[in-house]
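These are the structures in question, set out in turn.
Common to both upcoming complexes is chain A, partnered first by chain B, then by chain C.
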Partner chain A sequence: MEPVIERMLEVQNLKKYFSVGKQLLKAIDDVSLEVKTGQSVGIVGESGSGKSTFARLVLGLLEATDGNVFFMESIAVQPMKKNNRSMTLRKYAQIVFQNPYLSLFPHLTIGANIEEPLRIHGVRDKEKRHLRAQELMYKVGVPEAYYDAFPHELSGGQQQRVAIARALALNPKLIVFDEPVSSLDVSIQAQILNLLLDLKEQYRLTYVFIAHDLAVVEYISDVIAVMYLGRFVEYAPKRFLIDQPLHPYTNVLLESVPVVGGSLKDVAGRGEIPSPLSPPSGCPFHPRCTKAFDRCRLERPEFIEVKPNHWVACHLYT
Partner chain B sequence: MTNILDVQALKTEFRRKNTLIRAVNNISFTIKKGSVLSIVGESGSGKSVTMHSVLRLIPSTGKIVAEKINFMGRDLMRLTEKEMRKIRGDQISMIFQDPMSSLNPTIKIGRQISEVLLWHHKANPKEAKERTIRMLHEVGIASPIERYNQYPFEFSGGMRQRVMIAMALIGEPRLLIADEPTTSLDVTVQAQILALIKKMQEQNKMSVVLITHNLAVATMMADEMIVMYAGQIVEQATKAEFLNRASHPYTVALLGSTPKLNMKERLQSIPGQPPDLKNINLEGCPFVDRCSAKMERCSREEPPAVQLSPTHRIRCWLYT
Partner chain C sequence: MGEFTIPVNKNIDSGGKPPSAEHSDKTTRRSYFGVLWRRFKRNKISLISLYFIVFLIALAIVGPLILPFDYKTMDYTALYQKPSLKHWMGTDDGGRDMLTLIIYGLRNALIVGFGAGLVEILIGVTIGALAGYFGGRLDNILMRFVDIMFALPSFLLSLMLVVVLGRNLFTILLAIGLTSWAGMARLARAQVLSIKQVDYIEAARSLGASNSVIIFRYVLPNAVGPIFVSLSFNIPGAMMVESGLSLIGLGIMPPMPSWGALINIGSRFILSTPHLILYPAITFALTILAFTFVGDGLRDAFDAKQSD
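Now for the complex of A and B:
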């Protein structure tokens, strides 16, 4: 019997610094996270918050500056070792990107795109691959007739389904989604989101779901982490994060979500996310925060657990 | 209230090799003076082409036919290209989705904005500069005097969109067309930009057409709503009617497939794909294949326009 894995993904004090000219850009700055098996963790943040860098780091697509990432309790993803291309990691951890057209091979047919991971992972039998691809296409709702079509012949929604089918090909345990629906039309977005929920249940998958749209993240996730300038500022089960947010930034995000029939509010969060090249002193959110006081300008708040399983980095709570 | 724009029987078609694409298929609508009209639709619905056609800003492969496009008492269909140029940017102006590709990267912001005034002979260079700086301040750009001499790359995405708004509004247009003005922006910035457009609309008593795929954004801004599908207007209503009695199956389904916070139920997705304009069924209703309430006649006969109230009209057999 396979040993039971409880912690699918463990991220400990992860850092990623890029040097830009003479400056240091802290894209991810000391982030820790634990994703339990079968859980769906949403990460929400504005552009430049570091959420995509985070996705690439936890899958070993990018080398961390410091910190550890463990996958399935035993595989060390970070720090990355030279020539360490763990086939287990590549097999069991998959990613789906925002732009499906750019993530499919344009010169391969839909069938060949879905079969590619099978081929790489040693499924020699052509017939077997073909059958598996057909099964996957059925699962994600791509008509069989598209088997011999090329990616450009499909609509954006269909392309994203193919990318999802490909991610499922090797029976993964973890799938990271980086803005998987933000380039799709509303009606198609709903189809894909429902598909993701069904697949998760059916295959007992673990998800890391990254998006800028809080309503979308809430729909898919069990717990939500809010990211701001390379750090988590709040983390909680979704009910608590949406109903009783603690961090002023989470509040601003919630208030900014457009609501059908809602009125235009003067949103409290002034201005925009600052450049990560010159982050503000103290709490990085203080220039936009209406509740900021002296301490916020001077001292960076620690990320602490203020209620059971509800974490926040804000001086209001210390 | 009088209408600032009255469009009757507008058709826009594109011919490519042997295919004819009916991007806008016989639509009529009006915009009241000083009000906001939101046009919602998914990609390929014709929402952008409609307003681009009004301004005659479509590629040369396209053909615009209309009974009339009456703007402040003049039929735009009868104007020459030269006369149209005097209207664009002056009485009607436009903001687009991507501010970076709508600004010239090699010209300073201040010059790009003041050019509108100079081109339309509305001010001399000195006045133009003063008005531009005032406008930059008005749209919420801090230290406008310094910013006047900066290039687009020195501005963030949200700030660039503010520059675009300044440029669109400096000529004091009577009608502003905002085509997905916040789609490429972060939510917090989106809220700020929408509030700015609304403030300027009220302050200048101008009319606004907001083109968007986002139903929530559309309803937050609108006095009146239009929902487009496959080049046709399937529903038009006042905002109140839209919120209380959205009736077309497509509108209802679109509302059901929009994710909301605190949702208890499953998203209602619309089966199938958005319409392919190259081969839509011209006989029946364009939405028939995806409609949950379809009847037999829907695929054979074009649905009539049904007036549910003097201001609420839909095209659907269900209501006949």
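Now for the complex of A and C:
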């Protein structure tokens, strides 16, 4: 019996700075997060907020500037060690990308794509791989007839199912989804999300689910973190975050979710996300915030726990 | 994990067509090359050209074995003969059978063409792929070297190499291959650079694939298209260089025939006995043309946007 792992993923003060010319781009600036086993954590934010960078950092696909990431309590993902490819990390932590057409191997058939993780991890028995691929195709709802098809012959939804099957091949514990449904039609989005919920239950998976669409994140997550310009501005269990959002930016995101039968409202947040190269002074959200006051322009709010398990970075609550 | 069903309708979003009907009845596994071949076949001119090249290769192998003449023996009783039943393409200024000379010339041209192509691929793709994949300082050093190779006139360089290395088939193909891989290196680098950015390479890394697995299993198979297309244009290119060397008297050592040398000699008798230049020139042109058409066909076949 292997020891029970409670904390699947721990992110501590993670930072990732890119130098752009002479300037410093703070893509991820001091982010901490704990993902418990079996949890589904959603990360929501606009494009340019650093979500994808975050995904790559926690999987060790990108080297962090500073901070720690631990996987399954014992594996140090960040800081990255040179030439250390932890096969445990590569086996138990998987990623599903936004565009399955780009993330599947274009020169391999669907079957070969799903079997590829097994090949990399040394499963030599062809028959075994084949059976596993068939089983996975059944699990994710891809018809067996597609085994010998190539990725470009499938629809976007089917391609994403194949990408999910490939991520499942090694019986992972953690799957990071980087905008997995945003390239799909709305009707297919729902199917994929339902599939993900089913798979999570069946395999007792832990999810980190990244999207820009709060409605999508809400559907799949237990806990939601809102990201703005490389930082978390609010973190709370789904129920609290949706019903009693504290940060004005979360409000903006909630209002921007279209409601069937509702009329289009003017969204409170003005303008676009500022350039991370020259973030605003004080609270980075203040130029777009309707509730901003003097202090917001001068002082950056701390990320604090204002209610049990409900964190927010906003001067309204300090 | 035992028995469970997923409450998802399996076929609801199958917007993509199922694997084409002509294949669903077959049980054989489909391969990447099978698909390429099917696409290639659609271009009839390319297909005919490919058959023509295969025929030329067969001729170059079998020809010397069954020909009643050889390329060395002079026959002073039969100089400058017009095509006849005995000599299908006539005889040259030494009374040698033109057909025999052309077939030996073909054999040499093919050896030089494919050999030089192979050398170009080995050097060019290795250097280009390393530079593109690892980037940084290595890329800088390798590509400056490529720039230098590109800047030097390759024909002159080949000439010098032939002078230094000597004049036989092997040194000539080496001299051509060693001086003309720079374009291939740039192409390979550009390919690798663009493929490296695509998500499936990151997917491979997140699955734990090592650098060598990534290069050989995911990057190169997706980069070979343009490389093969380029090769199919470089092979006739190398043949041209070889005949160029022969033309100025630095090619394959006589009496071993080379198309360049044949054309050179033929040009002297163009008014009196035109068949001496006509036949080698026509075969040469047809061969070059065939390679070019095959290259076109390959380019279309590798175009992933094309459906099959």
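Just so we're on the same page, the second predicted complex is superposed on the first by the 318 of 318 C-alpha atoms of A that agree within 3 Å, B and C clash if a C-alpha of one lies under 4 Å from a C-alpha of the other, contacts with A are read in each partner's own complex, and residues count from 1 in each chain.
Simple rule for what comes next: a residue touches a chain if its C-beta (ideal position, glycine included) is under 8 Å from a C-beta of that chain, and two chains touch if they have at least 3 such contacts.
All of these numbers come straight from a predicted model, not from anything done at the bench.
Asks: Contact-wise, after the overlay, does A:E218 reach chain B, chain C, both or neither (first, second, both, neither)?
Replies: In the superposed model, A:E218 contacts chain B only, not chain C.
Asks: Identify the partner contact of A:Y146: answer first if only chain B is touched, second if only chain C is, both if each is, neither if none is.
Replies: Once the two structures are laid over each other on A, A:Y146 reaches chain C alone.
Asks: Please work out whether A:H107 is in contact with chain B alone, chain C alone, both, or neither, and reply first, second, both or neither.
Replies: Only chain C; A:H107 stays clear of chain B.
Asks: Would you mind checking which one, chain B or chain C, touches more residues on chain A?
Replies: Higher number of touched chain A residues: C.
Asks: Let me test your reading of the model: by the given contact rule, A:H121 touches which partner, first (chain B), second (chain C), both or neither?
Replies: second
Asks: Mind working out whether A:I242 is in touch with chain B, chain C, both or neither, as first, second, both or neither?
Replies: first
Asks: Considering only the touch criterion stated at the top, classify A:K91 as touching first (chain B), second (chain C), both, or neither.
Replies: second
Asks: Which partner chains sit in contact with A:L24 here, chain B, chain C, both or neither? Use first/second/both/neither.
Replies: neither
Asks: Is A:I188 touching the first partner chain B, the second partner chain C, both, or neither of them?
Replies: Both partners, chain B and chain C.
Asks: Given the touch rule stated above, what does A:E46 touch, chain B (first), chain C (second), both, or neither?
Replies: first
Asks: In the superposed arrangement, what residues of chain A touch both chain B and chain C?
Replies: On chain A, the overlap between the chain B and chain C contacts is residues 155, 157-158, 185, 187-188, 191, 194.
Asks: Which chain A residues qualify as touching chain B in the complex?
Replies: Against chain B, the touching part of chain A is residues 46-47, 155, 157-158, 185-191, 193-194, 197, 212-216, 218-219, 242-243, 252-267, 269, 272-273.
Asks: State the interface residues of chain C toward chain A in the complex, per the touch definition above.
Replies: 1, 4, 6-19, 23-24, 29-30, 32, 35, 198-200, 202-210, 213, 218, 221-222, 304
Asks: Can you list the residues on chain B that touch chain A in the complex?
Replies: Touch list, chain B to chain A: 42-43, 156-159, 186-192, 194-195, 198, 213-217, 219-221, 243, 253-263, 266-271, 273-274, 290.
Asks: Over in the complex, which chain A residues touch chain C? Could you list them?
Replies: Against chain C, the touching part of chain A is residues 56, 59, 61, 85, 87, 90-91, 93-95, 97-99, 102-109, 116-117, 120-121, 139-143, 145-146, 148-150, 152-158, 163, 166, 170, 185, 187-188, 191, 194-195, 198, 202-203.
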